[in-house]
Structures are given as C-alpha cells and as structure tokens.
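See the structures that follow.
One chain, chain A, links the two complexes that follow: it is found with chain B in the first and with chain C in the second.
== the complex of A and B ==
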C-alpha cells in the first residue's frame, strides 16, 4: 500500500473532527496543568487547516502536509502551533516529490517530524509533552514492515495514557513540578487524536 | 461570565481597532495582522524594538508603542503567544536598516514563535537580536525546568531598550542594555481572584473566598503557596522582601519600583501597598529613584498585584529618565 493524497486529506479531516468534538475536554486538561487554551488553539487551527486544504487540488502528499504545516503554524498559536507546524513541515520535506509515498518514506517522514519537534521545543522523551506520544509511535512504525492502523492507534493511546504518571519539566505544566503528576498532558491527548485519525484514514483507504 | 464584549472570537481584533482609534496620530495597524506599529515606522537607521505576547495583559503590549519605547507590538489570542507570521510582519515593518530587537517573555510558546519569526527574518536579510525576560521570582531558575517567567519587569525592558535605540544605540548596544535590565529586575505577585477566559467563560483557576495565591504568574499559572488573605502590609512585605533578596539589593543601592495591578485591584489598594514597599526599602537603606504605581501588565480581571524592583546603575538611571511618548508610559 502507498499513502496518497486522499489518505493525507482524510487524515486531516478526521483529526479536525476529533479535535472539534473534544475541544472542551482538551481545554479542561490544559486548565488543570496549563493555561486553559489548548482546546481553543487546536480547534481554531485545525478548522482553518481543513478550510485551507479544501481550496486546492493536490498532486503530492508533501504539498498537503506543507499547507497543513503553514496553516497550523500561523493559526494555532501557543506552544503547540509551532510544534505541530514543525512536525508537518518536516514530513513534507521528507516526502518531497512523491505523489504517493511508500512505507519506508512514511517512517522517515514521521522520524524527522519527531526530531523537528524535539529541536524546536528543546525537549526529549519523558518530559510530559507531545513527544511522549510521537516518539513511541515512531518506534512502533520502525518495528513494523507495513502500514498498520491498529498498531498506530493502540500505541498512541497507551502512550497518551502513560503521560499521566510523568512529572512535567517542559511547557507550562513544568511550573507545577510534582503537582503535574496525575494529569494527562493536553498536547499528548491531541497528538493521540491525530494518530487515531491517521489510523482511520488508513482503514478507510484511498 | 460578565464582560463588555461583542463576540469572544473577535475580541483581539476589535480591541486593536479601538486602540488605534484612540491614538490615531501615534500608531497604525498593519492591515490584516494583529500588529500595531508607530505611525512613523520604519525609522531610518534606528534599531526597531518589537514586543508582544498573548492578549489580556493590557496596556501591554500596544500601550508601550511610541517614541522612546516600542516600535511595534504583536498581539496573540487571549493568553496565547502570537504566531511567527505575525511577528515576522512586525519585524519587517519596523526594520529601518539598523536591525530589529525582540523582547520576549519567558514562556515556551512565546519563545518558540518569536524564535521562528527571527529565523525567517534573518533568512530575508534582516538582522535580529532578542532578549528573553524572566523576572518572576516565584518559579525557580533551574535548567531542568522552564526557568522563571516573564511578567511586569518586561515593562522596564521596553523602556530601557527603547531609550537606548532612540538615542542611536546599535543593535548590540540595545541588546546589552536589555540584558543589564534582565539581570537586575525581579518581580513577585499575588492573586486574590482569577481572570475569566472569554472563549470558555471559565475562570483561569479557582480560589476560595478569603484566600490568596502567592507567586501567581500573569495567566493564572499556579503559584507557590495558597493561604489566607493577608493585610496590605503583610502582602507588601512578603512580596518586597522576596524581591529584594532575589535581586540582591542592599544598603545604599538605588532602585526603580513598580507596584502593578493585575486588572481588578483598585489604585487605592495599590497605593496602600506602595506605602509599605517604600517603608521597607527605606528601612533597608535602598534608595528609590522612581516609582510607578498602576496597571502595567495585567491579567484581564484578575485581582491582585505584583511588586517589581529594578536595581539601577548610572546608565540604567539615565535611560529610565529619557522621555517616552508611549500612551501607557509617559515619562
């Protein structure tokens, strides 16, 4: 199987639906250990991204990701805007030129996305950020030999749930120190929705 | 929620419209952006000073635009950093050929968005330097965490960097002056009641009646201690002593003082706080060079205040005393 433009568009559309459905939930998670804007930021950014993607006819996956990246970067704001924007921009750069991408290129794209997020956020695994979902997903992708929706969804979900046990050392939640324990990381929950939507797009096919 | 607004989604843009209409001869808004600049921007061969951050901190940041202070301010959504494309527009609009200096408060979002904008501007051939302000003594300055936050002390950075640029300082000189402020400015705040997020209608945190939270930032981030509401003198002592200690102020030092209201605390209360702040300084032999009492860096309708002390040397004193035409900082 190859990941094509329709997969890429379905991915973003589904991610947007999940984020809109859970906007208040995301905001309440951010109220607990951040500043209460995460759901609002993500809802605004993904709504605009879907609108932007509907304006054009795309030939390459890379171009879909590039427009998604630029819209997220300019519409989400906060910490998550530049981070999700960077993730999609790195994926776009890693898959340039290909109309549809095969599994090894897909893996490389997500690997570079994670590297980009780590660099931009000056963060690494275990600091209670979205990296704690993206990084385990990449590891599972590397172990598998082909696209596997179930694997992506389950890995992201387990990783998201595990952020509750972590003490934040990056982002606003870091101000809480030990008190950040026992709460899910908002950016990890929205990252789970994004991977859940990716799994949906793989299951639906092109 | 009880707010005088039209539409929660339009508050930032409608606020900026109203701001520009209040100062039509001094400032202008860049079309289709959340950027406000001096009317006469860009100014040839002057370093451009750009600040900004989430909205909800008024008069920060647009109120500090004016001769002797900022060239531009970029407004994000409420309590949310502005995006790189907006910051880039501000940088381009105020670049008069001598480079652009960015004043950033130390929050993950602000630092990342401003950094990205700086990289984009440099790619377009504009020289950019920056300072990250971290004056809040409530959060420890450890490298394993996010470090201290930027709060009201940022206003002194605007003032000093702005004066240095107005006097013809180079980008490096402006940066050096700003670094000196950041090294010598400390703040500490207390909240009595939360602010209400316009988009959700919900308070940014919960606080029982009769309670206060010490060390709260300007977004309702959790502070360091929640306790029974104290008297003005008790609050002023707690805040001031901690700031004096952290700033390393001692006998015969000189300082600028800011008693800043967070949005819903009356001027009357702020003056009562200032009375005690000054008494403590005097007792310790610290000389007040200048005092600022009022709303400088707010948190919408949060009740509470912060105390900021800036340790001065002769250069900082001189720059602080230079004129400013910014609507919210006349000097």
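== the complex of A and C ==
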C-alpha cells in the first residue's frame, strides 16, 4: 500500500471532525492544567486547514502537508500551533516530490516530525506533552513492516492515557508542578485524535 | 543611523503595546514594534510577528522579547521563515529586558553589545 493524496486529505478531514466534536472536552482538559484555550485553538486551526485544502487540487502528499502546516502555524494561536505546524512541515519536507509515499518514507516523515516538535518545544519524552504520544507511535511504526491502522490507533490511545501519571515540566501545566498529575495532557489527547484519524484514513483507503 | 530593532511578543495585545509605550516615553524614538495577541484574543500570532519584523529596520539586527510558551516558539519560527540573520530571541523578562535594550539601542549599541548586557543583568532566565 502507498499513502496517497486521498489518504492525506481524509486524514485531515477526519481529524477536524474529531476535534470539532471534542472541542469542549479539549478545552475542559486545558482548564484543569493550562489556560483553557486548547479546544478553541485546535477547532479554529483545523477548520481553517480543511478550508485551505479544499481550495486546491493536490498532486503530492507533501503539498497537502505543507499547506496544512502553514495554516496550523498561523491559525491555531497557542503552543500547539507552532508544534503541530512544525510536525506537518517536517513530514512535508521528508516526503517532497513523491506523489504517493511508501511505508519507509512514511516512517521517516513521522520520525522527523517528532524531532521537529522536540526542537521547537525544547522538550523530550516524559514531560507530559504531545511528544508522549508522538514518540511511542514512531517507535511502533518502526517495529512494523507495513501500514497498520489498528496499531497506530491503539498505541496513540494507550500513550495518551498514560500522560495522566506524568508531572508536567514543559508548557503551561509545568507551573502546577506535582498538581498536574492525575490529569490528561490536552495536546496528547488531540494528538490521539490526529492518529485515530490517520488510522481511519488508512482503513478507508484499504 | 539605524538602531537595533526591538519586537515585543506577548499573549496580550495590551501588554505588548503597553510595553512599547513605556519604551517610547522613556527613550523617545525607538525602532520597536508590538506583536501582541491573536485575532484580538489572548494568544500569539506567527503572522503578527512576521509583520512586525518586516516593519522595523533590521539593518542593524533586531531583538525579540517574549512572555510565555508559544510566544517564543512563534518568534523562532518567524525568524526561520523570513530567513533573517542577526535577529535573536532574547532570554530576559519582557519589560525589563526590552527597556534595557531600548536604552542601549538609542545610544548606538550593537546587537552583540546589548545581548552581553542582558546576559549580565538577567543571568537567571534561559
């Protein structure tokens, strides 16, 4: 199987649906340990991204990811904007020129996305951020030999749930120190929706 | 002669423009732009930061001061996207740091000299 423009567009469309459906939930998670804008930020950013992608006919996956990256960076408004924006921009750069991408390129793209997020946020694993979902997903992708929707979805879900036990040392939640424990990280929950949507797009294309 | 530029990135439009007022009141002509808020709300905007960088003189370089989290990430992204040399995100309290920079810029100090003063004055941040 190859990941093509249709997969890429379905991915973003599905991610947008899940984020809009859970906008208030994301905001409530951010109210508990942040500033309460995560749902609003993600809802605005993904709505604009879907609108932007509907304006063009795309030939390469890379171009879809590039436009998604630029829109997320300028429209989200919180830390998740430059972070998710950087993730998609790195994926775009890693897959440049390919109309449809094979599994090894896909893995490389997501690897570079995680590296980009780490650099942009000056953060690493275990700090109760979206990296705690993205990084385990990359590890599972590397272990597998082909696209596997269920593996992606399950890994992201388990990793998202595990952020509850962590103490935040980056982002707004870090100001709460120990008190951030016992709450899910908002950016990890939206990252789970993004990977859940990726899994949906893989299943639809199959 | 052109001065070192200053860009103020805050989550609040009022905070950024308020700090700009303080600098202008004390120093007079400053090469400074405020980039605060996101579409009228609390947040930070990559586009606003890019615009600010394009609307100050950067011939002598520029310094960006920020308040929290995404302000720094967006400032760094803006510098990368515009491919600017000699523009730096500064680790210092936004008001005090920008004030020091404005005073020094007004007496003709270079970016490097200002960065050294900031490091001496605010060793704890970053």
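General remarks:
By our rule, the second predicted complex is superposed on the first by the 205 of 206 C-alpha atoms of A that agree within 3 Å, B and C clash if a C-alpha of one lies under 4 Å from a C-alpha of the other, contacts with A are read in each partner's own complex, and residues count from 1 in each chain.
The working rule: a contact is a pair of C-beta atoms (placed from the backbone, for glycine too) under 8 Å apart; a residue touches a chain by one contact, two chains touch by 3 or more.
No experiment lies behind these values; they were computed from the predicted model shown.
Chain B and chain C, once both complexes are superposed via chain A, clash. In the overlay built on the shared chain, the residue A:128 is in contact with neither chain B nor chain C.
When the two structures are aligned on the shared chain, A:183 is found in touch with neither chain B nor chain C.
Judged by the touch definition given at the top, the superposed model places A:66 against neither chain B nor chain C.
Once chain A of one complex is fitted onto chain A of the other, the partner contacts of A:41 extend to both chain B and chain C. Comparing chain B with chain C, the partner in contact with more residues of chain A is B. In the superposed model, A:153 makes contact with neither chain B nor chain C.
Shared-chain residue A:18: touches no atom of chain B or chain C. By the document's definition of touching, both partners, chain B and chain C, reach A:78. Of the two partner chains, chain B is the only one touched by A:31; chain C is not.
According to the touch criterion, the shared surface of chain A, contacted by chain B in one complex and chain C in the other, consists of residues 35, 37, 41, 73-74, 77-79, 81-83, 120-121, 171-172.
Of all residues in chain C, only 38-39, 41-47, 68-70, 73-74, 76-77 touch chain A in the complex they form.
Only residues 24, 27, 31, 35-37, 40-41, 44, 73-83, 120-121, 169-172, 174-177, 179 of chain A touch chain B when the two sit together in their complex. Note for the complex: chain A touches chain C at residues 35, 37, 41, 73-74, 77-79, 81-83, 85-86, 120-121, 171-172.
The touching residues of chain B, when paired with chain A in their complex, are 76-86, 107-109, 112-113, 116, 139, 144-146, 149, 197, 199-200, 202, 204-205, 217, 219-222.
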